[in-house]
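Heads up, there are several structures right after this.
One chain, chain A, appears in both complexes that follow, with chain B as partner in the first and chain C in the second.
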Partner chain A sequence: MMTDRFSIAKCLARNASPLVLCGAVALIVIGTALANDAALDRTVTEALVRIVYVVGLYIFVGNSGVISFGHTAFMAIGAYTTAWQDCCSTTKSLFMPALPNVLLQANVPPPLATIVSGVVASIFAGVVGLAIVRLSGIGASIATFAVLAIVNVTFSNWDSVTAGTSTLVGIPNYTDHWIALLWAVIAIFAAHFYQTSRFGLSLRVSREDEVAAKASGVSIFRQRLIAFVISAFFVGVSGALYAHFLGTISVDAFYIDISLLTLAMLVVGGMNSLSGAVVGVAAISLLIEVLRQSEHGFALGSLTVSAPRGTQEIGLGVAMLVMLIFRRNGIAGNQEIGERLSRFLAPQLQRSSKLTEDF
Partner chain B sequence: MMKRVIGTFLAAAAAAIALSGTVLAEEKPIVIGFAIAQSGWFAINDDGGIKAAELAIDELNAKGGILGRKIKTIYADNKSDRAQGAKGALEVLEKGADAVFVDLDYDMGVAAALEANKAGKIAFSIGAEDVKMGVQGVGPLAFTSAMAAQLEGAAMAEWGYEKKGFKTTYLLTDTLIEYTKSVCNGYDVAAKTLAGAKIVGRDTFKNGDPSMVAQVTRIKNLDPAPDVIMICTFTPGGGAAVRQIRAAGIKTPIFSTTAMDGNYWLDAVPNLSEFYYPVHGSDYGDDPRAAVNDVVKKYKAKYNAEPPFTHALLGYVAVNLYATAVERAKSTDAKKVAAALESSDGIPTILGPYSFSHDLHIQNKFSFPIMSVQDGKHAVIDTWVTKTPFTTNELLRKAE
Partner chain C sequence: MIAALQILVDAISLGSLYALATLGVGLVFGVLRLTNFAYGDFITVASYALIVPTAGATEIVIGRWPWPFLVTAAVGVVVIVSMTSEYLVFRPLRTAKPAVLMIGSFALGYIIQNIIILVYDGRPKAVGLWPDLGEAIVLSGLRVPKLELLTIVVTLVLVGALVLFLKVSPFGVQMRAASEDFRMARMLGVRANTVIGTALAISGFLAAVVSLLFLAQVGVMSFNMGVPLMLFAFVATVIGGMGSLTGALIGGYILGFASILLQALLPEDLRTFRDAFVFAVVIVILVVRPQGLLMPRAARERV
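Our next item is the complex of A and B:
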């Protein structure tokens, strides 16, 4: 009996961070569902899709320490793979005539299409990753950006397969807040299990000290590639979710803007912890919404007070500057949210959990 | 002292409530919700159209509104972001919009238009020149106040051939956006219908390319030189492209698109001459139609500035088309309004009669004033009504 309770506590303690994070996110979603406000609902769903993206990005960037400017390429691939599978059965042959017949006829159910999109993004990452993860530091970062540029140019000009620069319309609106929540939870747990696994720990060691990692028999190339592929899967899924959320996609939606925004979320939240990734998305999404509303104007009695247009962009920039100046490690500051809770639940785990956090 | 202040405040509040009470007692206003770019990189394109639309609404309200109901406008800024556009449409719909007016670009406005159609409301673009802003790309309740972009190309091909005797053309396409591809496609289709007209060369570039040396050299090497260069582009990259062509000493006449309207970029090409393009209406006060000049004058009076470019007039037209349809339908019910728009064989507007059909919610025939630039001065020199018929598939550029 005693051992049972103890092992449950131990299990809870080991997974305290993802449990707390998912619980918090779920509470927000339930609150939104109860509020029954269409615009709020869209904001929250979009934020959840971004959690999937940023947590996916974190799996590679956070654990390897190599910043990627190119993960949006995987999002684009995820979104277009989705469109190839389940977009607009009547106009598909008109807009994407060069697709193979199987795809032209296909009407893959959205849940399956989402997973396939993630897998395709992963495969692509596996191939380009072979070259990218051999580079180190800034070289790798630039290479990821090059991949994004190549994907962007290819998709903008491959008219017969991607409809070029024109918008694809008619992707089923399958992503609602529950679906997005489900994937956010899956992404958070996957990231947690990965970073506490042998692979994740090896990669974190290499982040802190490449020489020491190599001396301990860690193949940095292999570990980075594994993280890159897993990471691309979730970013690809976020693309699929986004396509299913908006119902329309176009190439230019997957370029610099979203890349910088997601990277900013990760940096503001704290690049070195999973909690940072999730908190960053929440904080920036909230900030954007508050600034947008203030531009729109708050009603104070019969008066409407509104901030000048463009406040949102400036406010976001200022927030990031303040963050970088005063709290360089982000909101989470390299800590995991559930750390204290896990110490409380299972004090004897403290040493080992501390180990994983400090890498 | 404090008490007096509070007392005054209460009195003012009471007065405000009383005033709003009298407003409520009147007929409920018709609400037009603009889910549109008011900030961000696209805002400059929508700005003139929004202002012209407000001008049209002022005029209608001065005459007592539509169906005896005043028109009220509400806004949701999409910040030049499509996802935000969908949200903006939901926002204005929630606040009771009877119709949602969206950006003058299909790709920018489509998300908002889709939301409006999903909610069973009219979506009206203030000038998207893409057939997809209608039944094919949004739904049966989406309309646009523009003509298909292909007609611009067709107008220039036909006018150049008939009035200038141009037979050989060099076609230069800006591939950054769909619009420019469509204009050149229209030129191509029209040129095929003209006996003896020939496209002697083709090239592409991208708006914002820092250098066009390769393209310009290829044009220079043509022997004999083409009669005309058709360059389908838009500002700011279009200005740079024209500059590079002229700087290379190529004096061949240049045809272009409505998106090159406006004189703000002419500083880049001093004393530009032999430059022609079609416009919806002239914003320089010399339109052949008095009604257009009148609107431009009122616009200047209201905003103390000229309309930034010809597309602004399409915002004015969008409001009038919607208003006329509501009046004819005697209702703001979207299906009835759409039916009124479709059944009409010509709604008079300042740009001439408009007509929509069941599957074409864009104009397939248009009368363009032809604008010429000589020594850096704009002037309307002719008017051209397009002749080449375009099928829906051709408008979708899927006929090849």
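Our next item is the complex of A and C:
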């Protein structure tokens, strides 16, 4: 057994799920690049940024079973940290006069700024996590919301550093579909390696039964904190990517709506599997796009039929409800997409792939 | 002295409003284990009921009725909306995981909000509801707006009625049994649909009252006006102790007092950050008492 441990088939089998997921996402991006359609390109890039967010969210929520309303706080921190680093060198001192001189002078290259933003979000998560991950269930969820509210109020009113509620403009447009794809792939693989690692498995055990996990020597506090910090990194990066994608940010965009929409994507996809996270984003993004198209109107013979304003959102809400009611374990049904494939490639690996299944 | 009393009255009044909202959230959580994200939209619906059936920005129909009819109409509309939601959304999802139920309620709220946008467009509307209530009663230097008094009185009456209902009426007893142990209560003959339906009806009733009091205070309605109230109510339910109604009341008053006191005591330049401090207090309370201030027996996990 040990001799062929590194055989290609086994390596593929172990990583079948992330490979399939990334492959599918990459195919969509390549298709978009070939289609050369600006609107489609924006939609796909935005969806990829959402994948980074939701996969990051999944690392904590999916593995720990604790619902977080607060991850948008990390996105806001990621986006603003980006703005502090590489926004608008000429007007920076006007918008954000109280920034330290180093930052005022700084013009950090966007790739580096993106990583730094993730790290800053992580550090913040590490600090607030010390208090939050001690809690369980709905108490933890409300505490995460409290963090989001604090970040939101602070950013809205700390005018000299964040320009208050006004929109910051002039962030370089660095996120294109390839950059977003790169980060989506990194996030998917990181989530996969995390959830099959010792840490991820311990956390998943605690999700199923806190008391049993404690009795088996799992420190729930430590495992949750680790997941919280990793998760915040990717959500922070998604904020940076988003800022680099739009070129403008305003604090209103980072509040409970985004938290709930991303949670809805995760739950609709299936919150206990990585495949669910990715499929959920894909399904809802596709749905939003289809509804948006129908709102623009489509030609029916000689006349254009278009839906009135607001129907897009109502349609989205109804579709989400229908999916929840008829597939309450999510589209992926708590299964990983590559499980069959990995059994086919290396039947003797069954045991390890079982571990990622929902028990 | 007068200033301190003034702050106290303001705090009791705001606390009462939060406490009413919190009770509506707490009751439903008790029987259904549902964190109802559509609750804020129930609050919104009650206000918009006042301008039904017109879609115009300035025409108000029900809002011009004498107050007993007006209140009945607003309450009726919300109770219908909330019981319909129970039938269409919460009933099929009843046995689903709490997270799924919660996202279901979010989707429902999203639909309600956008129906309001579709019908009445997204702009806020100014509505002068009961302008007389804005006047203040002056008592040896103490200025108490009538609306604050009304809020406090209404809260006292409703809480009294609710306690009576829960302790005496068969529905109330069944409801308490169901929030203690839903499965056991069903085995003993409590009808799930009746209990959950009643809980949602009462929750809708409270949402309507909160909505009218809030609208009379701010004078402006918008499609997401209920959301901040709902969020405060969630926070209050959790710090009070999920599933405990006394806890819900206490939680509501704590938030009201914290908001008003911080508003009065914080230095001028930190005042805009008031809510950040309120939520910091919330986190501290949660860390010190993770199960909430009052923990109902049913919430304790048995091993």
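The rule we apply is simple: the second predicted complex is superposed on the first by the 350 of 359 C-alpha atoms of A that agree within 3 Å, B and C clash if a C-alpha of one lies under 4 Å from a C-alpha of the other, contacts with A are read in each partner's own complex, and residues count from 1 in each chain.
Definition applied: contacts are C-beta pairs under 8 Å (C-beta built on N, C-alpha and C of every residue); 3 or more make two chains touch, one makes a residue touch a chain.
No experiment lies behind these values; they were computed from the predicted model shown.
Contacts of A:169 after superposition: chain B is touched, whereas chain C is not reached.
Residue contacts after overlaying the shared chain place A:256 against chain C, while chain B stays out of touching range.
Contacts of A:310 after superposition on the shared chain: both chain B and chain C are touched. Once the two complexes are overlaid on the shared chain, A:113 sits clear of chain B and of chain C alike. When both complexes are overlaid on chain A, the residue A:321 reaches chain C alone and has no touch with chain B. In the superposed model, A:22 makes contact with neither chain B nor chain C.
Contact with chain C, but none with chain B, is seen for A:154 once the two complexes are overlaid on the shared chain.
By the touch criterion defined above, A:205 lies against neither chain B nor chain C after alignment on the C-alpha atoms of chain A. A simple residue count on chain A separates chain B from chain C, and the partner touching more is C.
The intersection of chain A residues touching chain B with those touching chain C, taken from the two complexes, comprises 157, 309-310.
Touching chain A in their complex are the following residues of chain C: 35, 37, 89, 92-93, 96-100, 102-104, 106-108, 110-111, 113-115, 117-118, 227, 231, 234-235, 238-239, 242, 272-276, 279-280, 282-283, 286-287, 290-292, 301, 303.
Remark: chain A residues 67, 131-132, 134-136, 138-139, 141-143, 145-147, 149-150, 153-154, 157-158, 211, 256, 260, 263-264, 267-268, 271, 308-311, 313-314, 316-318, 320-321, 324-325, 328 touch chain C in the complex. If you check the complex, the residues on chain B that touch chain A are 13, 16, 20, 38-39, 76-77, 79, 81-83, 86-87, 90-91, 94, 106-107, 110-111, 114, 132, 136-138, 175-178, 181, 396, 398. By the touch criterion stated above, chain A contacts chain B in their complex at residues 38-39, 42-43, 46, 91, 94-95, 97, 156-157, 164-167, 169, 246-248, 250, 253, 257, 292, 295-296, 301-302, 309-310, 312.
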